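Labels run A, B, C and D following the written order; every chain starts at residue 1.
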Amino acid sequence: MRFFSDNAAPAHPKVIEAIAASNRLDTAYDGDELSARLDGAFSALFEIEVRAFWVTTGTAANCLALAALCPPYRGIICHKDAHIEVDEAGAPGFFTGGAKLILLEGAGAKLTPDAVAAACDRIRADVHQVQPAAISITNATEYGLVYRASEVNVLGDLAKERGLAFHMDGARLANALATTGESPADVTWRAGVDALSFGFVKNGGLNAEVLILFRTELADEIAVRRKRAGHLLSKGRMLAAQILALLEDDLWLENARAANAAAQALAKAAPDRLVYPVEANELFLNVTADEAVRLRGQGVEFYEWGPGEIRLVTSWDSDARAVEQLAAAIAAL
Amino acid sequence: MRFFSDNAAPAHPKVIEAIAASNRLDTAYDGDELSARLDGAFSALFEIEVRAFWVTTGTAANCLALAALCPPYRGIICHKDAHIEVDEAGAPGFFTGGAKLILLEGAGAKLTPDAVAAACDRIRADVHQVQPAAISITNATEYGLVYRASEVNVLGDLAKERGLAFHMDGARLANALATTGESPADVTWRAGVDALSFGFVKNGGLNAEVLILFRTELADEIAVRRKRAGHLLSKGRMLAAQILALLEDDLWLENARAANAAAQALAKAAPDRLVYPVEANELFLNVTADEAVRLRGQGVEFYEWGPGEIRLVTSWDSDARAVEQLAAAIAAL
Amino acid sequence: MRFFSDNAAPAHPKVIEAIAASNRLDTAYDGDELSARLDGAFSALFEIEVRAFWVTTGTAANCLALAALCPPYRGIICHKDAHIEVDEAGAPGFFTGGAKLILLEGAGAKLTPDAVAAACDRIRADVHQVQPAAISITNATEYGLVYRASEVNVLGDLAKERGLAFHMDGARLANALATTGESPADVTWRAGVDALSFGFVKNGGLNAEVLILFRTELADEIAVRRKRAGHLLSKGRMLAAQILALLEDDLWLENARAANAAAQALAKAAPDRLVYPVEANELFLNVTADEAVRLRGQGVEFYEWGPGEIRLVTSWDSDARAVEQLAAAIAAL
Amino acid sequence: MRFFSDNAAPAHPKVIEAIAASNRLDTAYDGDELSARLDGAFSALFEIEVRAFWVTTGTAANCLALAALCPPYRGIICHKDAHIEVDEAGAPGFFTGGAKLILLEGAGAKLTPDAVAAACDRIRADVHQVQPAAISITNATEYGLVYRASEVNVLGDLAKERGLAFHMDGARLANALATTGESPADVTWRAGVDALSFGFVKNGGLNAEVLILFRTELADEIAVRRKRAGHLLSKGRMLAAQILALLEDDLWLENARAANAAAQALAKAAPDRLVYPVEANELFLNVTADEAVRLRGQGVEFYEWGPGEIRLVTSWDSDARAVEQLAAAIAAL
């Protein structure tokens, strides 16, 4: 029973089929017929003209976007527990050429408008202090909380007011949307988001993520930066194929709903142990060291998230019986 | 009849099968069972302990290696037509943090020891001029020529003598080895090579390349740099699977032989038009603009490589009939 | 009555004389006779063989050192109020190629061994999290506190134990040493410091700072990095001249003592207002907005350091009468 | 008799006087009264509103400008013997974050419009090849040749047509203008130049160079980049003082004329030995190894510029008698 990470789940069978079906001679890089369909497919999904770039990792999607939104000599406001700060090996520093992450506190890894405004106000407007150029939020957050469109919108207005670009790390955006039922458009560009890292790997994909540009004028720069970072695959059609397969019949949304449902099933088993409300596919539970040992003893695999806290992540293929078993095991602790 | 590039060919069916077979829950990143087998598999192939890192592009393999071999403030000696200089969008500058490519002339994109020694001698040993830290060669070269082990060895000795690290871009190393019959060990570490970009994508792979470190002490740094560049895929097992499939029963060598044989068939059709001897799977032909038009008229697709010159590239799956047809068409020009 | 910053003070007359005296034809860059004397002069001062590099700013001294001590993909542990974090426009990110500053809390901008050890322990030893490579402390700190040799030594031992390099920003090291009477050697290399930014500009110099390397094997790299950053002046002799003038007869120490004495005189006038003990030449005072207005009304210039707090900085040339006047004004608030 | 480099000459006495006179308490960095006068002084000289930034080296002036004119992922077209390529330790790569220098041939280190146009045409307009973003020329060139305003203008038009920014390294612009008698405006912004490194150090200054922005909208970025590179001196007034002293009564032009006159006196002594026409203050002479030894024997110091070639550089203070002696010595070879 593996509840380590949705990262580790297999790809959806349709994704594998799509890769196999795409395995024919075609133009290299992104000149093929499948890659050519991405802009259109995502423009339809987001109800506006966007530019869509496949990449193979969320780190690449995030950091290519940040490099285009923030010059080397400025900073990006984000949560102190944001993935870009904590788990990307300093990739933002590499891709931007040394821009600074300006770290904020905030419950559940969420940025609040007050915290952002205060951070901006603390910075003297001179050449000695690094001036912010962008905000980056993660939706769903690293602790599985969801920003509603209205919340994003307030941050988007603030960004505009302060002259900041706005990036969303949507590694688990699908889970967020599956929870809120809001439209992709409402929670992104209509709320002021300029660029979105749209995650597919944790949600049934094999190794395809998408960088969506709502500011389409950045597309040429992103295309060059992607190549320059070694992220322009010569058989990119196999990435496009995965993405198109997941978009078809809203498979991406179906997958996210399945993962979320598994998380809710687990949440119900231990309402008093939840560190955060469960709004996506991650659970953080208060569990003593002793209890953790007992869970492991029953074959459950998970991260210890700190003293007395564990993380469980469900995924699109979470086995119903395993979920049930785990729920029972938690309830019985 | 597409002879644009081996980049564009499909993957070998066994590679697709291997990806499908690897599609199960396992530890993320490179903690899975397949990735764990790479070091051993390549150590066997190279007859010495190596460290092997999957990446998705040759640019990533090349530039991660160069970043580990050359500090930002020094330079890398390479041919002026080397892929790292001409076709990687400045990626070496990005990965190294601004190191300089020191460009040399040389017939057929080969570096000669004399040219390398002369380049070193021209550089004043002071802080004003960028001092070289590494040599990088491509085997087979960008013009389809092959370095024999003895040639590499002379460059390797020179590198050692001058205190330079030695990198080989082996995007088409398989084709080179298929031609010479030399051992992987002889043409690399036994000849002084420190790090090798070993290409699989042009040779039946889908999107897996391998960075081989003969200086295994660089492995920790490469592991971090790979992650930091966004090149640590969460389901890396699908890359390992491709590579292991191509290593099995020397499929990689078989593929390269097929591509080389197709190139030889074409070469025989036009011995007087060859700009370079055909030693791998690329042909450069003297063809007038008029003749080029006629070839295209018969459905042949290829690059114009300059005035009066075209490039043809064969691949592991080059269709025998298409090759025959093209050979006839060239002969008939 | 300017108590803004020691930055703004004039240079000592002997420094100007030395510049004028050095104004003759000599070998360019650092090949001149004066520059050649620096290594020896500082080796004598520090009682060990060191390498000494003139630069024109503390930012350059700090960041050249950090770039040599920390690779782009690792991090530097420092206080969250350290000058390198707060007031150098992100220069560490620029010079290192994107290394991360790992920010710690600590009273009076001092790093404690416990805080450093805890920070190291919090970082998972994997490729996803940025691993620390160095510690940097400021002595005297940004709040005018002094690290004694014994305190530095504990941090130095910890650095060694954790495999970290150790940098000291000594923009006001002279003031620290003037207070403690400890030897330059004891508070630096004997306590484990690898590289020191030794400040002269705030202490009677015009535009000369010195980067001292106790790890002399880094000298070649620093020499190249200095040039590459545009910091190798062609008439470097004028920098060497300043430094040698300040070293002569311990003028640097005399200057620091004068600045410290002025600070003590002010401190005595307002013992209850001090935010920190006054150990060097900076005072942070609790002063209401109203009181601040009254001080300004009497012609005193200073920084507001936050709500209800002001900063006063004395310098080598602080006028005795101005100090007395200000002391009286503060006492009378 | 030192004819090594104008770099090594002393500063003009008025420059030293001005430094001494500026040595008083004032606002730090560039907030002082002297620094504040630079924009106005250079706007008057160039007959248009400019922004003027003091820095301490030509490398800093050049590379700050290039970093603002060229993003990390593009390239700068320059001569293969340009100072930025040959003698700045790779500083352009450091300041730009890895942009590429695209190197052209050209007699006397001059770029011709044809060479620039051909270089642009050779580059495929795709993401694989580095696209140019700027042109940089040196005036007077590294071989002492002068671009007339009309020549610069043709390059300026070409730059505009190709969408390239235009930088001039004017380390010896004073010498060029002293020769042609053209106006500073005509040879720079009126001819399409966007940013100019205006040299004072080789022409009577001590350590002050000026970066002139004709595209004033870049000023904020340059101000931050200057700080971030450690080039914002806290007592910048001493740099401003030097520059203002050299501007007064056209002392800069007078100095350049003196250096040029000395060069002409030497040129007359050896008209048949000149490798290039002497248009500024540098001479390149065909001199056998044997003859070089004899010159050195008479106490003349100079660079050997290659086999059978030496470089002599005169400066503002070149001693008339030494020049005469050297002229005689050369004539007598």
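As a convention for this text, a contact is a pair of C-beta atoms (placed from the backbone, for glycine too) under 8 Å apart; a residue touches a chain by one contact, two chains touch by 3 or more.
Note that the coordinates shown come from a computational prediction; the quantities given were computed from them, not determined experimentally.
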Given subunit A and subunit B, the chains that contact each of them:
C, D
Between B-C and A-C, more contacting C-beta pairs sit at A-C
Give the label of the chain whose average Cα location is farthest from that of subunit A.
D
When the C-alpha atoms of subunit B and subunit C are each averaged to a single point, how far apart are the two points in Å?
50
Could you give the separation in Å between the centres of subunit C and subunit D, each centre being the mean of its C-alpha atoms?
34
How far is the middle of subunit A from the middle of subunit C, if each middle is the mean of its Cα atoms, in Å?
42
Check: subunit C positions touching at least 2 other chains come out as 72-74, 88-90, 94, 97-98, 127-128, 224, 227-228, 232
What residues of subunit A sit close enough to touch subunit D in their complex?
71-74, 97-98, 127-128, 131, 221, 223-228, 232
Subunit D residues within the subunit B interface of the complex
72-75, 86-90, 93-94, 96-100, 103, 127-130
Residues of subunit D touching subunit C in their complex?
2, 4-5, 7-11, 16, 19-20, 23-29, 55-57, 59-61, 63-64, 88-91, 94-95, 201-202, 206-207, 224, 227-235, 238, 317
